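Look at the two complexes coming up: chain A is in both, with chain B in one and chain C in the other.
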Partner chain A sequence: MGQPPALTDAELVQRCREGDPDAWAELVNRFSRYVYAVCVKGFRLGDEDAEDVFQEVFTRVYTRLDTLRDDAAVRPWIAQLTRRLCLDTLASGSREQPSDIELTPEQERTLEELDEAFDVREALAVLPEPCQEILDRFFARDQSYRTISAELDLPSGTIASRIARCLRKLRDELEGRSGPSEGSRE
Partner chain B sequence: MTRAYDEERLGELLRLLRPAPVGWVQAAQELPAARRSMDEIVARAEADLAFREALIADLEIALEQAGYEPDRRLLDELRKRLA
Partner chain C sequence: MPNYLEVQLDDLLGRFAASGQVAAGSAAALTVAVAAGLAAMVARASRDSWEDAGGVAAQAISLQERAAWLIREDADAWQEAFAALGGTGERHTAQRNFELEQKLERAAAVPLEIGELGATVAELAALAGEFGEGPVRADAVAAAALAAGATRAVAHLVEVNLGVREGDKRLAQARASEQAALEAVERALESAR
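The block that comes next holds the complex of A and B.
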C-alpha cells in the first residue's frame, strides 16, 4: 500500500492562495530540491548566487501566485522561473543578454535529467514512509548503512535488502504510471 | 512515453535531488511572515515621519530598535520600497 495521496500541486496552490501557512511550507518543501539542483547542478551557480536565485524564485512564486492561470502548472512555472533567473544571474556577471547565453550540451542534459529526477521523487512520495525514508537517506543524503541502521533503529544486515525492495517498489510505481513526463498527480 | 528504469538508474536520479541547505528552505518558508513584517514597517514609516527618518538615516539600527531582525533580504527589499 502506498501513502494516502498528498495534496496535488493544484490543491496546494489553492491552499497557498487562501493564506494557509502550512501549505506554503509544503510548497517550498516540495520544490526546494529541484530549484536548488537547477541552480547548482544545471547552471553551476556559486553558493551566493544560487541562494539569491533560490530566494527570488520563491519570493516571485509567493507574490505572483495569483497570476498563475492553471494551478496544476505550478511545476513548469517554477522550472521556467528558475531557469530564467539563473540565466539573468549568469548574464549579469558577463556583458551578455540572458538570451545570448548558451548552455553546454552537458548542462542541457543535466536539466533534462533533473526533470526526470523530479518525476522519480513524485513517485517516491507515494511509497510507504519507511521506503521514502530509507531511499532518501541512502541516495540523496549519502548516509551509510550504519547511520541508517542507527537512526531508523533497523538491523544493519537488513538495510541493503530493504533498499533493494524499496527500489523495486519505486520502479513499479513509475512503470505503473503513463510515463515520467506525465507522472505528476494532477 | 514510458521509460524503463533499472535500480542503478533510479539511484542516480535519486542522488540528483539533494536537500537544499536548511537555512535557505527555512527562509523561503518564512516568506509570508517576512512580507507581513515588511508591510508593517512600510506602513509605519508612512504614518510616522520620525520613524521614516530613522530608517533612512540608518536602516539596520532603526529596525533593530523597532524589534525587527534586519537580515540582508529584508534590508534590500526595504531600501527599494523606501526609496
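The block that comes next holds the complex of A and C.
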C-alpha cells in the first residue's frame, strides 16, 4: 500500500521528452525484461548478442524518442525496434538478409506469449494492491486457499470469490487498454 | 519417464495396473485434475447467471495444470524411493540410510502438495455447486467429493511413507487439508439439498 500510481506509458514518455532522468530510468526498468526476453526466448540469441541488442535498443530509444508520433505507442515501437535488431544480429551471423530469416511457429508463439505476459503485467500493476497480492499468491506462487487465508488473515471460504473479482478487474483493465497504435515515423 | 499429459488414457490406466510405474499419489493427483476440470466446466456453463463464473473457471484451469504436473512429480519421487528401498550396493549403511530418508521425504512431500491442491479444488468446486446453474450443479458437488477423496488418500500416504506419529507437522498438514476438503464437500452437499 501507499505506492504512488504508476505513470502510463504516454505520461512516462512525456517526462522523458522533458529530460527527467528518473523517467528515463523508469522507462528502461519498465521495458528491460521484455526486451531481454524477446532477444533470449523469442530469437534465442546468446547472452552477448542479447546484451548488444539490449544496449542498441535503448540507445535508439534515447536518441530517437522525438520520432515517436504517439507517446502511448512506445511499447509497440520498442518491440518493433527489438525484433528488427534481433533479425539483423541473426543475419550478420549467416549469409541471409534479415528479411529472409523466418521464425519457427514456436518462436512466433513465444513472441505472442511475451506480448501477452507484458500486457498482463502492466494491467496488474494498476490494480488495487490487495488484488495484486492475492493474484500473485494464487497464480504466480501457486499458494493454496488455506495458505492465502492464513497469511492474509482472510476467511478461507472467501478466497476463490475474491480472486474471481480481482480477475474481473484485471479483464476490465486489459479490455480498456487502447488497441494497436502507429509507432514512429522511422 | 513419460510425459503423462501426452499418453493415451488406456496406456495410463495400464501403467497404474503395472508394477513399479505410477502409484497412488499420481492417482490422487489425476483425480484432483479431473475434479478441477469438472469445476471449470460447471463455471463455464454458468456464465450467464454467475458473475464470478469466468474467474472461477480460470482458477480451476490453473489448478488442473498444477495437478497434472504433480502426476509426474509423484511418479518420479515414488520410483526413486522405491528403487532406494530395494538398493544394496557397497556404500556405508549410514550414508545409504541418509539418502533413503531424503528420498522418502520427497516421496511424502509431493502427496502433501497434492493434498493442499485437493482441498483448494474441493473448495472451488463447492462454490461452483452453490452458484452454478441447476443442470450442472451435481457435477460440481461430485467434483468436490472426488477432490476430497484424493486428499483423504494422500493423508494416508503421508502417514505410511514417513512412518510418522501423531503430532508430526506434516501429518497435521495433510489432515488439515483433508478436513478442509471434507467441510467443503459438506457445504456442497448442503447447498444441493
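Throughout what follows, the second predicted complex is superposed on the first by the 122 of 186 C-alpha atoms of A that agree within 3 Å, B and C clash if a C-alpha of one lies under 4 Å from a C-alpha of the other, contacts with A are read in each partner's own complex, and residues count from 1 in each chain.
The rule is short, and it goes like this: a residue touches a chain if its C-beta (ideal position, glycine included) is under 8 Å from a C-beta of that chain, and two chains touch if they have at least 3 such contacts.
As the structure is a computational prediction, the values presented were derived from the model and not from experiment.
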| item | value |
| --- | --- |
| Contact breadth on chain A, by residue count: chain C or chain B | B |
| Chain B versus chain C as contact partner of A:S156, first or second or both or neither | second |
| Partner chain in contact with A:F139 - chain B first, chain C second, else both or neither | both |
| Touched partner set for A:F118, first chain B, second chain C, both or neither | first |
| First, second, both or neither for A:W24, with chain B first and chain C second | first |
| Partner chain in contact with A:R64 - chain B first, chain C second, else both or neither | neither |
| First (chain B), second (chain C), both or neither touched by A:R165 | second |
| First, second, both or neither for A:T147, with chain B first and chain C second | second |
| Chain B versus chain C as contact partner of A:R109, first or second or both or neither | neither |
| Chain C-contacting residues of chain A that also contact chain B | 139, 164, 167-168, 171 |
| Chain C to chain A touching residues, read off their complex | 51-52, 54-56, 58-59, 62, 66, 116-117, 119-120, 123-124, 127, 176-177, 180, 187 |
| Chain A residues within the chain C interface of the complex | 138-139, 142, 144-147, 156-157, 159-161, 163-168, 171 |
| Residue ranges of chain A in contact with chain B within the complex | 19, 21, 24-25, 28-29, 32-37, 41, 51, 54-55, 58-59, 62-63, 113-114, 116-118, 120-121, 124, 135-136, 139-141, 164, 167-168, 170-171, 174-175, 178-181 |
| Residues on chain B engaged by chain A in the complex (per definition of touch) | 1-7, 10-11, 13-21, 24-25, 27-29, 31-33, 35, 73 |
